[in-house]
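Chain nomenclature is as follows: A, B, C and D, assigned in order of appearance, with residue numbering initiated at 1 for each chain independently.
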Amino acid sequence: MTAFEPQTDDYAARVRESYDRQTAMVTLGAELTAIGPGTVEIVLPFRADLCQQHGFIHAGIITAIADSACGYAAYSLMPADAGVLTVEFKVNFLHPAAGERLIARGMVSRAGRTISVCAADIFAVSGDSEKVVATMLATVMTIQGREGVRG
Amino acid sequence: MTAFEPQTDDYAARVRESYDRQTAMVTLGAELTAIGPGTVEIVLPFRADLCQQHGFIHAGIITAIADSACGYAAYSLMPADAGVLTVEFKVNFLHPAAGERLIARGMVSRAGRTISVCAADIFAVSGDSEKVVATMLATVMTIQGREGVRG
Amino acid sequence: MTAFEPQTDDYAARVRESYDRQTAMVTLGAELTAIGPGTVEIVLPFRADLCQQHGFIHAGIITAIADSACGYAAYSLMPADAGVLTVEFKVNFLHPAAGERLIARGMVSRAGRTISVCAADIFAVSGDSEKVVATMLATVMTIQGREGVRG
Amino acid sequence: MTAFEPQTDDYAARVRESYDRQTAMVTLGAELTAIGPGTVEIVLPFRADLCQQHGFIHAGIITAIADSACGYAAYSLMPADAGVLTVEFKVNFLHPAAGERLIARGMVSRAGRTISVCAADIFAVSGDSEKVVATMLATVMTIQGREGVRG
């Protein structure tokens, strides 16, 4: 992983301020637990009401925290007046998402002026053990000068 | 779209029974509105508590209903004792997901013995107008003879 | 499929001129056989020297013609001074690529100012029969004002 | 990266034997330069006849060596009687592929009985400098007992 230089001093505050406006994260009970330049970590405690038919966390819910982790990893490196949008992502599901909580760790692979590429691994945690359950590769866009798209 | 022949007479009932065990769909307020051989439709009424930072439905939530639509489209063509698992998917986001409700329409492109490939388009509906906001291409697996994986 | 309005009268000539500079297409023996506003078709006659280990056309070669079909489908709708770059794509392989020739049919799903989304289906042709062997979902970028990136 | 235990002593010989049957790799001039348990490296010297319209190596050609690197990384961990097939992949293109040669480094992320997930980074090399130009995330399948699919 390359070390990235943020363009703003308050990148962490900007990420947190935008994250706090994601009502979906509140509804799912997901918490933003770490912010670095080009990296973000989000934790989702296991909830029985977020499952698919076999009692594992639903693929879409796993994807939700991975998408926010990737998007904010990219956003942490953007200029102050920018907004962030997800262009697309792909997720591979490696193991059933069971355990006490999920951790999505997103990081920037390439920070471009318009297009950034990010990756996230999603881990299921049970006691001391951490197991990767999914992996995301995402394309994220920097938006500037568009009404209503900031943060 | 090819016409598919289901392997079971009660495919629609099997899809519905499995869907009803997806607690995430209940939590999100998503409804299974149509089932055909190789096709499934899921509707999600807009909710302000499922949004990203700009007030549009969160990409992960869009993905959740698209994943269920693809998975159950594939499941409708599987044998009676099978279970369905998502191997991976990719989603492109075309327009912001605003409107009164989202509709995810999943359909099977290829139904294999082990691997099926499905596509879903996700539409935002406002009054009479329907606009595609995202598109998914997914790989789904038929599981047989594995403990705890049925439906 | 939506009907698209090209921004230039000579879109077909522009596509062909750029395609003719793709030396990889010449090396593979791929031909540009149809151009419409937002659609492109490329044909690759079967060659035993483009195969993987089981004697089917290599996934990368299938991808090469699908990528050119998607990229030029998007390019056909771009302004006269633009260049086209592939941001990313995903390809699902549905059946082994055997037959007399492959046909990649690319079309635009969404034509944006910066980002376009395209899809391609790739067919294997044997006599009168045509069978889809792969499907691509691609993200393509319009480049303007960058030195050396035109066409 | 996890360390993987190969199931056969001659995994490297099996990989090489199968690779040598990929006529596409010969045609492109790609060489298999390293084989480990769950890892494969392939080198493609730059050739002006494998380019897209701006003189960079064509996305499909980059994909071809990345696909072979991923497929053989997975194959190195498979049982002796198995065959390997690519189910799907996604590739993000990060920088133009210019330089003296490309190196694709594939590695297994998850080795399953039926489904393996692999990643590859593709680097452009100029003199002493190496730059990542693309990244692949792939799903690969182990085939057993199917006529004509071995290696």
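Couple of notes before you dig in:
Convention: a residue touches a chain if its C-beta (ideal position, glycine included) is under 8 Å from a C-beta of that chain, and two chains touch if they have at least 3 such contacts.
It should be emphasised that the depicted structure is a prediction, and the values quoted were computed from it without experimental measurement.
Most remote from subunit B, judged by the distance between CA-atom centroids, is D.
Rounded to a multiple of 5, the Cα-based rotation taking subunit B onto subunit C is 180 degrees. Centre-to-centre spacing of subunit A and subunit D amounts to 28 Å, using the average Cα coordinate of each chain.
Taking each chain's centre as the mean of its C-alpha atoms, subunit A lies 22 Å from subunit B. In this assembly, the C-alpha centroid of subunit A lies 32 Å from the C-alpha centroid of subunit C.
Of all residues in subunit B, those touching 2 or more other chains are 87-88, 90, 92, 117, 139, listed in ascending order. If the chains shown are joined wherever they touch, the resulting network links each chain directly to all the rest. Those residues of subunit C that touch subunit D in the shared complex are 18-19, 21-27, 48-54, 57-61, 63-68, 83, 85-93, 148-151.
Within the complex formed with subunit A, the residues of subunit D that make contact are 90, 92, 94-95, 109-110, 117, 119, 132, 135, 137, 139.
The touching residues of subunit A, when paired with subunit C in their complex, are 87-88, 90, 114-115, 117, 139, 141.
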